[in-house]
């Protein structure tokens, strides 16, 4: 591209001033390329971390983002703030359990058959599990929820193991001792994202106990995100789904 | 008892000096009673914590203890020290894995059919598991060892679950993420003693991760001992075995 | 059992469909067996952890559980929620100190003479001690409460030591420095369950100081549960009581 | 499948004993299925954690594993032990930096064009980075190494950013403040596995500082494994590569 | 000075009592010298830490301080308290974001051309960044604010890098993983003061994660202040500005 | 004093130069006073912390110190270094258990009848207990050693309680759970200095568990020194002894 | 004493029943002796820890205690609760800063001239300092308050150093970095009790930073109590005052 | 510059290929600019962190660096490695206390009169203090060493306070409780860099106690570097010195 600009200058087709401007753009291309990549993943919604922002700030950010893309996802937003935003942005949907506010193209078609399994240990882990599940869905993935299958009653997990084994990626959400990802990790042959939750009391130290358990898992194929970070796990899982789809499409292109 | 002594003094049967001595004993009876209790549990060996003691100190303690009772158990004693002690106390046996040195009446008969299951997660947890298993045996209990059944391959545990379910008490030894006791605790209906081990690396923090996991277990019926404290778990388990036997015997006595 | 089913199929007594159903059950027997075990311990109430559940959720769970068994125990439930539940479930009793809501067969007869000693250090530890004591009673055990016998006035403990020594199991509840279990552990010859409480200030770190003290106890025969987990200690103690009773009964059967 | 067995029994084609055996297998199918999955991923080598095992134990495990599959990978094995093992298993290769001993089919053909980028911050992080890179290669993936591009000289990273952006998955290895994954995560649109290393001094606390940095990353698409766990990151990355390939193949099958 | 006093006494010019008083002052000169230094830096406002003081106490301190110098700076003061103080001290200004209340000579002239760059990672770090920026301004320094340039989008930082490189000192404020100072530190050749903020969740531990990141920075030229201590960083930066100015002035004097 | 100097100057008795010198001294009197105080406590030996100093450095410091006072105490000095020092300073004595090297006036007479009780929990705590006991003796106090009276066998403590109760000050040394000071503190009515030791394993965290126990003691009258700091406790105890003696002497003077 | 009782029984002077009662008393003498000691220190008020007790409970405890002794001290009691108690116990005084409620004999005469210096670093440490100062006064000691002399302005401390040096015991209260006790400890030759306070922010961790500073002090003669435990320091200091007085009195008795 | 290149292309003076190459360089100017800055600070030696590098690696790095600049500084290099390097690089000097190996232009002239005060608390802190002092000297600064002036004897510090007050920047090195920077910070009016050292025992936690003390300092004008990071403090101090010089020079230029 730089060569073409220079040749045009040489040939007198392009003025020095215009070439300068174009090269300035080019000069930033390393980062423009990044944006290009961002563009390419625009099946993915724009994401706003709602915690610590006022409803006004969120509305303003949404308005800016929607100039580029309708799909916007706001995480960790309380019911009160969400209701204020919904007053201004009525096309958005709010999920109270997941504390997620989002706009999603309802006509979006899911071409990829694979699904993400979102597994959680107890009913108290539900908000984090739903943050993960809903995020994955908004990012364009199929999701299968397998809830309340903690290790204290391992048969509940085993009764659902095939659904988990057939997923492409599994997200395991657990608080207290956080042992579930280790057990799941030993039963599947795909990547597992472990999400410790701050559920527990006493020596659970607001999720530190579960976090350490997951980091020290003796099962291979497990990686960990921050405490209560359901969004992070879903984002990772969605990236993998996109890779599989892209791989399949490239293959398709090669064959055709 | 005090009354009888006083009456004998009143009656002139007992001299003041003798009464004084008897009452002095009586006075200490609260604590003598403790020793009496100790006596009654003399099926239990005397226990010496070998770490930080020299071979000479251990030999000297053994000699003192064996005046009262032949059965002596030395825990956490290195091979070198053990060999020195064995030079002087040739009737002792040393187990290198468990790092236990002991004298045990080989004629001791195990009347109680119940057994303690000692379960461990990985081969690296073996020394602690053996400290527990051997201690329990020396304290007069039957033991069944179920090793290398960590949660990363839950089917290995499930293949052995009946043996564990039929035990009276289970000791579960696990390092790294320490998730095994939670799984076992959900599958059995008897007390489980969880022993975290210092096995692991990075964020395992020498057993702290496993310890926290076990304290936060969502399975009921689990209690925890210090990191690597296989002895402690076995001692607890043996106390329960004795209670069951005593219960059975009292019952027997009542019936006969 | 599998053999019999197959033979019936072979003999034409059982249709393939019926055999399939029966074997399906059989197939799950490993876990059905678990439920069978659960059944057998149904002298034990069903337990619901009330914290983080709404009154509505608790009522709904109670209703489901009582289809199987009348005896239900809800722990860590606040006065407000309990009152809401009592509106719908008037046959339940609420204990405000222990924060326990329960239904218990008032005709239940305690055949076993043994009792659990629940010992606590200070009056601030009372809620946790009562959670333990009441849980044990609801699970069908006799309980003797020995409260306010902290180590700062060791004579208070010694004045009550016989009551503690005569128990089958002792639960020791202590906050601040948590030294009481070590002292009790040295005076008794039965298992001691230590419960650290979050009582204290400054460097007590919400129970961590007491927890560490108990894990490091130099007395044998002590195991530890999570901070403030009075329920957990009582559950363990009740499991042991059941073992003793079962031992006695088996013995009885053998003799008769 | 169960139905067919029963029908054969009904029809007298299958004896009760044989049916019993087949059903027993079937009964374990849930877990056999797991093994089946394992089989399917046998492009993946069997993995042995070498730390804390003697050379003899490792040789014995290798011999057992190679009955099933030639490809075996031993991680965290010191030079001394590796040399002992090589004496018995001369077809193995030892990599001293990565501390990995392995057997690999040299004829193995890499059909998938995608590659894993292994990025590290400083030369001290090299052993962990190599553990990751070599593991990924042994598990059948292409790898591109981009080393010594720590954030203190961000231009070194930017000079190599295209190579990283074109990878399918990136593994970022960093000690001290562990900031590199956050920067990389903001520049790529594929999953990033962050590996904290124990490199550093003072308040780095043997990798805890880097671990926390990575868990708290404000870049989406980052997940974390245990301190120094290069193997774990590579295993996760390889699982994703397999998913992409499988996706491509399924697509291929659909089309053909 | 002591000599002169003594000579005056010798000469009878000074009474013993007066000499005694003067020498008492002299005696404390070591510390008076400190005050003299304080005087010399009186371009610097007097500073009051507002947290934990009542509005009344703050008003009283302001009144006392303003006897010596009009310029007073109150940090960490809530809106409510500030409004109460403003009722009594109407010449003060309150900045709600920075939570700073101050009086400043509006005629103060900034002779030094150099400026302090205040850089922050995310919008949530703004209050701490503003505490730093405003403090520096009140202490008489030029400030350039470069906000919302976190490492997750490194191009935002690079777009502003020249402004940062041309500063004399840079203050970098960051929460969560706190990686920004390391990146900035590698791009500039002047001192960087890193301020961790308590922004984050889960394993950010209220700023501990960011603090550790900054202490372990592999970039040279970075030093760290307490979590959320924007004031501290600004105070340090202002001290350096004063040194540069003083250096320039001394030089000026030498030359003229 | 200042007045007198000035008067002498006024009267021409003292030259300005000499007055200047004397006043310079006076000027520093605040700190000279400190030295004067030090002088007054010269019944107390000079103390050198031996750890991290070479034998040569220690010899050199001893030589300097002995110019002022013969009595020198070197703490935390290994046997090897001590032997080197003894080669040059043959009048010193080395105690291997306490790791203390000292010179003491053997003719020193102990006028005060009160004694310090040094109590320790287990034989492993002996080195720290001896550091305390020997330090107190070298600082001129009577000491009564009551060793191996840990809380696991409370009767051992109670058998010795009168000796402890009759002391003026008690030093309690304990590792593992560190419960002993709480029990002792409840039984005496004089100050107790608690010394946690680094003895223990697992969750004892090198003395942190014992330290926390002691800081959180529910007994009044307990204060704590650093882990293994037997010297510190003894120094405090000796200061109190000196106060009592001084009080007694002042009283004596008043009366006579 | 036991001998006399027995002789009286032998001689028929004492009935068995009466002897039994007397011996029972004797038997408990070890602990009765404790109470005797308590009696002797009854110059000391009875102390109630008010935190976590209701106003009703406190009133009830006060009533019980005042049967024995009028002097009662309630620490850590909020204004609200104190006002409730004052309604019932109008002879009590409440100090809002120290959060102490007490009854004190206003006629109590202070015979001992020595005083305790209570030193604090900043105005925020005042509540803890006052808890210490007021406690010491209620326990019958003279107190000199030297407040707001933190190390950031060391001359403020030095201006008051003589008052501190002339005390018998010094209590130093400090939050944030907690450096003050080290400086004071180096300037005095009497025992210093250091009280860390929970004052600070960020990495002060609610007093942990100050606590560690004090435990690691390089000044001899410092011991530490729990965070914010002003009462504990004062109690220790008062014990020492009593020892000095007792020493003086014994001396007096000896001489007369 | 870009404009000129384009004009030359337009004018046919520059071929497209050459222009492309030149613009490619230009394109990287953002980072070249960084190097330019580096160049400008080349009064500063190149720095190599020696820890974890072999002697061979260090020699190789030195050779590469010296192609650009003779002045090279290797920190944290052991005596053994240094001697190996000196064999190949005989013009280097090794300082054993500071563990620094360096080449320095002995003809370098120090134009700036200002000096850095390096203050340390105890003799054990000397290696870190020397790392700071020597680094500052090698980086071209005057240094004044004020050692062994810990807070336990505050008069030692005050005797040297003028030397510290007259410095431009002060580096304070302290272990154990780390209180010295707070005291110094209150006595000077220039920036203080605090360096915690890992010196201490027990609850010093290898420098964490000192680190926390320094972060929480109530003196303004203090910033902190990592534990034992004497180099980091010196580097910061040298950056400030350069700023002052540059300020003076710019001023000079302006005036002339």
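Residue numbering begins at 1 within each chain, and the chains themselves are lettered A, B, C, D, E, F, G and H in the order written.
Methods note: a residue touches a chain if its C-beta (ideal position, glycine included) is under 8 Å from a C-beta of that chain, and two chains touch if they have at least 3 such contacts.
Keep in mind that what you see is a predicted model, and the values were worked out from it rather than measured.
Steps from chain C to chain G, taking the shortest chain of touch contacts, total 1. Note on connectivity: the fewest chain-to-chain touch steps from chain A to chain F number 2.
Compared on C-beta pairs in contact, A-H and A-C come out with A-H as the pair having more. Ranked by separation of Cα centres from chain A, the top chain is F. Separating the centre of chain B from that of chain H, both taken as means of CA atoms, is a distance of 58 Å.
Chain centres here are Cα averages; for chain C and chain D they lie 43 Å apart. We define each chain's centre as the mean of its Cα atoms; on that basis chain E and chain G are separated by 41 Å.
Separating the centre of chain E from that of chain H, both taken as means of CA atoms, is a distance of 23 Å. Within chain H, contacts with two or more other chains are made by residues 30, 34, 154, 158, 187, 202-204, 208, 211, 215-216, 220, 226-227. All chain pairs in contact, by the document's touch criterion: A-B, A-C, A-D, A-E, A-H, B-C, B-D, B-F, B-G, C-D, C-F, C-G, D-E, D-H, E-F, E-G, E-H, F-G, F-H, G-H. Chain contact summary for the complex, chain C toward chain G: residues 123-124, 155, 158, 199, 201-204. Every residue of chain B that touches chain C in the complex is listed here, in rising order: 30, 33-34, 37-38, 40-41, 47, 114, 158, 161-162, 165, 168-169, 187-191, 193, 211, 215-216, 220-227, 231-233, 235-236, 239-240, 243-252, 255-256. Contacts from chain C toward chain D in the complex involve residues 2-3, 6-7, 9-10, 12, 16, 19-20, 23-24, 26-27. On chain H, the positions that touch chain D within their shared complex are 28, 30-31, 34, 51-53, 57, 196, 198, 207-208, 211, 226-229. Per the touch definition, chain C reaches chain F in the complex via residues 121-122, 150-154, 158, 176-179, 182-183, 185-187, 200, 202-205, 208-210, 212-220.
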